[in-house]
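Mind having a look at this structure? Questions to follow.
We just call them A, B, C, D, E and F in the order they show up, numbering each chain from 1.
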Amino acid sequence: MSQKAEKLIDKKGLRLDGRKPDELRPIKIEVGILSNADGSAYIEQGKNKILAAAFGPREMHPKHLALPDRMVIRCRYHMAPFSVQERKSPSPSRREIELSKVIKESLEPTAFMEYYPRTGVDIFIEVLQADGSTRCASITAASVAMADAGIPMRDLVAACSAGKVDDTIILDLMDTEDKQGSADVPVALMPNQNAITLLQMDGTLTSEEFENAVNLALEGCRKIYAMQKEALKTKYVDVKEVEE
Amino acid sequence: MSSVITRVKQKQIAQTIAKGKRLDDRGLTDYREMKIEQGIIERAEGSARILLGKTEVLVGIKIEIGEPFSDTPNEGVLTVNAELVPLASPTFEPGPPDENSIELARIVDRGIRESKTIDTEKLVIEPGKKVFVVFVDVYVLNHDGNLIDASALAAVAALLNTKMSNYEIKDDEVKIKPGYTQLPVKKHPITVTFAKISDKLVIDPWLEEEQVMDARISMAIDDDGNICAIQKGGSGYFTEKEVLEVAKMAREKAAEIRKKLKW
Amino acid sequence: MSSVITRVKQKQIAQTIAKGKRLDDRGLTDYREMKIEQGIIERAEGSARILLGKTEVLVGIKIEIGEPFSDTPNEGVLTVNAELVPLASPTFEPGPPDENSIELARIVDRGIRESKTIDTEKLVIEPGKKVFVVFVDVYVLNHDGNLIDASALAAVAALLNTKMSNYEIKDDEVKIKPGYTQLPVKKHPITVTFAKISDKLVIDPWLEEEQVMDARISMAIDDDGNICAIQKGGSGYFTEKEVLEVAKMAREKAAEIRKKLKW
Amino acid sequence: MSQKAEKLIDKKGLRLDGRKPDELRPIKIEVGILSNADGSAYIEQGKNKILAAAFGPREMHPKHLALPDRMVIRCRYHMAPFSVQERKSPSPSRREIELSKVIKESLEPTAFMEYYPRTGVDIFIEVLQADGSTRCASITAASVAMADAGIPMRDLVAACSAGKVDDTIILDLMDTEDKQGSADVPVALMPNQNAITLLQMDGTLTSEEFENAVNLALEGCRKIYAMQKEALKTKYVDVKEVEE
Amino acid sequence: MSQKAEKLIDKKGLRLDGRKPDELRPIKIEVGILSNADGSAYIEQGKNKILAAAFGPREMHPKHLALPDRMVIRCRYHMAPFSVQERKSPSPSRREIELSKVIKESLEPTAFMEYYPRTGVDIFIEVLQADGSTRCASITAASVAMADAGIPMRDLVAACSAGKVDDTIILDLMDTEDKQGSADVPVALMPNQNAITLLQMDGTLTSEEFENAVNLALEGCRKIYAMQKEALKTKYVDVKEVEE
Amino acid sequence: MSSVITRVKQKQIAQTIAKGKRLDDRGLTDYREMKIEQGIIERAEGSARILLGKTEVLVGIKIEIGEPFSDTPNEGVLTVNAELVPLASPTFEPGPPDENSIELARIVDRGIRESKTIDTEKLVIEPGKKVFVVFVDVYVLNHDGNLIDASALAAVAALLNTKMSNYEIKDDEVKIKPGYTQLPVKKHPITVTFAKISDKLVIDPWLEEEQVMDARISMAIDDDGNICAIQKGGSGYFTEKEVLEVAKMAREKAAEIRKKLKW
């Protein structure tokens, strides 16, 4: 969070891309687009372009990582070298390692882990183009990929960020708002369970602002949740399936 | 000694907490005994050791001259690293940092960075070219739970204890002069962690509680009571109500703990 | 879904090819359906996605300013990297590049480099000091065989779609100016791969064919029909006659495929 | 391949080291010179100095890499730091990793892999001094080392490069010819089987030039094959064996 | 060892910190201060501050490293980034890897290795502040940590350095003496067995100087041995144990 | 061929040595046959190969221009690396240097450095800025015991055979001139290793002796008979008496071996 927070909201109260403070970016979710994965999803959220795939439940490699009483979920969040302004080295950065962990922990509460003891599920996320709030879009896509793989789940997880720019609480931060704004609050929610499975924050917020931001983010999650369900329905009802 | 506790013990911990008590007789919102020592590593520019019950964390600060990042030419550089050295726990392995030590370092980093603890603009020697680089090395010496709060506190205590060499610029070269200046520390963020066990929120979980908790949540609070960093961890979840309750309690606890820091 | 096919299926593939046919009804020298999309990653200086049947490869180009190699002070730098990311196949593991991704990157690199596809002399900013560095990142998104041809084609398609920032030199520093210039692309090499199965040569092998093939051979052909790179792979062999036949057919196929590229 | 291809062939049609275009460099092959390896060979080809050793067939480490129905060959091509003009870091470069793979694939067709299921053969190649066409000399030596180790083989593999400099197709490129010439075609051959087990190319050749280069390289392979057999005969017939 | 050996001993024959040539620095040893280790010790020797912990005998990880007829000792000597003047990268340096090996070999002769076949003991040493002769202080502490862990031992090992500065043989080198002196001889001794288990040397000494240095170092070891025993006695006799 | 010898053989070795003899008929203080060849790698600035019985070590020297260390601005840089390449022994694995190769490199390094073998002050091009960096690469080609003595000897023999390019400084740039200068070598340290087996000290242990030895001790001796580096290894111990005996014998042997070096 840098200080240069200026002019991110214009006189009409609109953001750099014309959105209102509580407006999501356009979102497109496609299901089952990778033929080799057990489940997959592609999300576009603004200029974010992200692929998620789920493999499993399957035998764990290496075997000693398997657990006798439950499934193990592993997750790798990875950015393509060309996904950001300056080329990113393909070896995992500390940021990618942390995000892989928190994304995994945001997905774990959804799965019935005890149904498949001794097995593993691998979630692979590739950010092809990044434009802010990629961890949220990644969770949204990964959750759909898990459903597409037929992993038994309590609910989907939908994720969305809120934050603060120019003293305004806004929804679904894009890159410039993330970098120049004064706070970023990514949130993931299992709506049916009212369960927050991811919560992080960078920046500075008063208690009141924080409460507003969380509320706004949860609202965003619920909207995204509807799109996730729609995308899954389209694949499974529609005749023209993307992959057989 | 063993790092994994029995199921019987797990049940016992959970049942006790369900009744609003804890096996070590603390209240749900009581910290363990806390001891702060500053300046114990003379070779380091700053240092502090925190004892939180049996959890022990040492932070050493080294300051070197380096280049600023190209997008912040007028700011010094902060680098936080955490080592879960294997003598601290039978579950820690020697080797490069794993996801746990990276997450720990990044949580400590965000608490300091987002609260603007260090006045990084005062670390500039030549704008865009030479700045002071502040290395914060978190060294966990004994792991008995809640490494996050202990590490974050030790980091701030160490920064408060940090002095930088005086220097002058002669013929385009930085020359070290005698004497020291205190590192410019503006804020004193305190990180407070709660675990969720048996649908209760308990503060400062110790090792055995961490092994049964559903999830944890940590909030860094600055001197004005603002929240400046949050991290949820673990494979469980929180409700919105719980999150707001944590925010409220974290503010109170942070203010209490901050009083123990000397500056 | 499984990446290893049964012995029954293997026999079936081999027997069908022995009869001059293929299980997916293609002729021995027919490519699968090919789709080329350029410019889909706006953040990259250039990009292209190739679909070859179900094989999907995305190439992104980034351009940075760097130093030339000391033995070629008057040329820009080309760097090709390939990632076999684990979502593309259950046989791909996360981790540093293995011999397969390194070989793939080096084949793509040689096709571009040896054919002099990029006019690297036009990438020089200050001879011996500053040049443009072109990063070609091959990203395999779905592996259904013949990654070599798909990657090589995607790389050329992405280069054709690449623009470089305009710049000027002021006070010995490179300043970016508004506007873009097209990357100077002089040639359009096409790489054509044959697999040897049941003593027949089949073009563009898909995944199941690759699992039964004795060996493969890839040739990069430039606009003038010259051969500019070759790679034999796999633990089988080719006769001299087969090699020359491949060279002949590769020329023909390369000319066909080149027509699908826009420039 | 750089453009500076000039004066690599003089007015008399001779190369920098006095060779005719279709002439091999002097070659010396010694067999069984390393006492700890199951088989070994040393080759000097011009200024190339290369050691190859074969270990096995032996139990695989790690075990899970073993195959139930056949032997596994592994290969490491490695250059000594002092083998080239500028010191080479001892950690394996991308080039060394690729060459290890293609060399392995050039040797695999020679071995009766099904004779020793669940075992492994390791081929280790150390380039002590490099002077062009090292992959070919490495294959030539490694094949002899395998024979020396008693691994059952269909045939030896002999390898040789051809290429183009100053518009002339030449045999057995040395370093300068490789770097300044306009094409390099390394080839490996099992002569009895008429089987090409390695074929690569860098540079630019017309179809006709390519055909000529392949022909010339194959001729070179056959000459080297004779030397390989001679070297093995010397060791196994001769009384003064290099190592007991 | 640099040449600038000057004024390390003043006119009165005293060293920079006021010690006589044959004088040890002040030493403090604490036993059993880490609750998660099976045994532990903390040593301060001058400005050296070092922690040592012993884990085991316990099952070996990975299992294939276990030996059928004896225990395996592993050792990691590691310096904290802030322990030295210029920040040290936390990844192990070549120096740390070598010291880990020689420290391990200095401890192995003390343990009854055959009592616990198939098990492992891990010794972890963390140098929190370094001021010369850290390998010796590390051995001294590690030996106490092993005893504290209840590993059956023939004897403790005590370690101490001797060296030469300004043409004088001195005991227990501190950092400046190590860097600017002309020789450093670290020695480890099992006093009851009269067994030298570590001996290294850097610098230049005549045979006679070497003999004197070894003698002086052994004398130092014996003094430190008494302190080790005292520290263990304090822990095991005293009522107020540091850890329960 | 096998790298681990039987217990019967171990007992036999130990018993023979207990009687003052060795299985290969050497006396306890006899080296194996030693052969020194210099200059066999023309591409290297210096090189030497040592045969010590069947143990074979090749050392190559490369010289490059680099920066001095900041604490020794007026000295060139010495870097020693050792590779236990896997063709030398079935017990050597490919991969980054392990503790054995690092220890070997550091012992060779100390022998050269502490004896001041190289006149590093003559390697300075521009004080504090540009110096010659001498890379000593120890390459073990066949491991039959006592790698330390063979490597240390090969390193000194290679340094004696090393030539540096002539250069001049023009316009602040270093230009290589025709011709060579001999590397300034002032000393000729010889490292002598003893193994302790059956309470006897045996010199130059071969592989099978190393497998039964209790411990080893190596001493580097300079031209004046001074000790300049020592390393004890192995999980046994030495008495003070043994150490002093080793020091005495090492001096004698070093003087003998030094005569075999040409300079």
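FYI, a contact is a pair of C-beta atoms (placed from the backbone, for glycine too) under 8 Å apart; a residue touches a chain by one contact, two chains touch by 3 or more.
In this text, all values refer to a predicted model and were calculated from it rather than measured experimentally.
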Notebook entry, point to check: What chains, if any, are shared contacts of chain A and chain E?
Noted result: B
Check: By mean C-alpha coordinates, which chain is most distant from chain B?
Finding: D
Check: Based on the averaged CA atom positions, which chain is farthest from chain E?
Finding: C
Next item on the list: Take the average of all CA coordinates in chain C, do the same for chain D, and state the distance between these two points in whole angstrom.
Entry: 27
Notebook entry, point to check: Rounded to the nearest whole Å, what is the centre-to-centre distance of chain A and chain D, using the mean of the C-alpha atoms as each centre?
Noted result: 51
Check: Distance from the CA centroid of chain C to that of chain E, rounded to the nearest Å?
Finding: 57
Margin query: Could you work out how far the Cα centre of chain C sits from that of chain F, in whole Å?
Written below: 48
Note to self: Quick check: what residues of chain F touch more than one other chain, meaning two or more?
What the structure shows: 97
Notebook entry, point to check: Which parts of chain D, given as residue numbers and ranges, touch two or more other chains?
Noted result: none
Notebook entry, point to check: Given which chains touch which, is the overall layout a line, a ring, a star, complete, or other?
Noted result: ring
Note to self: Can you give me the ring order of the chains, beginning with chain A and going next to chain B?
What the structure shows: A, B, E, F, D, C
Item checked: Residues on chain F engaged by chain E in the complex (per definition of touch) -> 71-72, 97, 99-100, 102-103, 105-106, 110, 114-115, 215, 217, 219, 222, 225-240, 243-244, 247-248, 251
Note to self: Quick check on the complex: what are the chain D residues that touch chain F?
What the structure shows: 34-38, 40, 47, 49, 51-53, 55, 76, 78, 80-87, 90-91, 122, 124-126, 128-131, 243
Check: What residues of chain F sit close enough to touch chain D in their complex?
Finding: 1, 3, 40-44, 47, 54, 56, 58, 60-62, 64, 81, 83, 85-90, 94, 96-97, 135, 137, 139, 141-144
Notebook entry, point to check: Along chain E, where are the residues that touch chain F in the complex?
Noted result: 1-2, 94-95, 97-98, 100-102, 105, 108-109, 185, 190, 193-207, 210-211, 214-215, 218
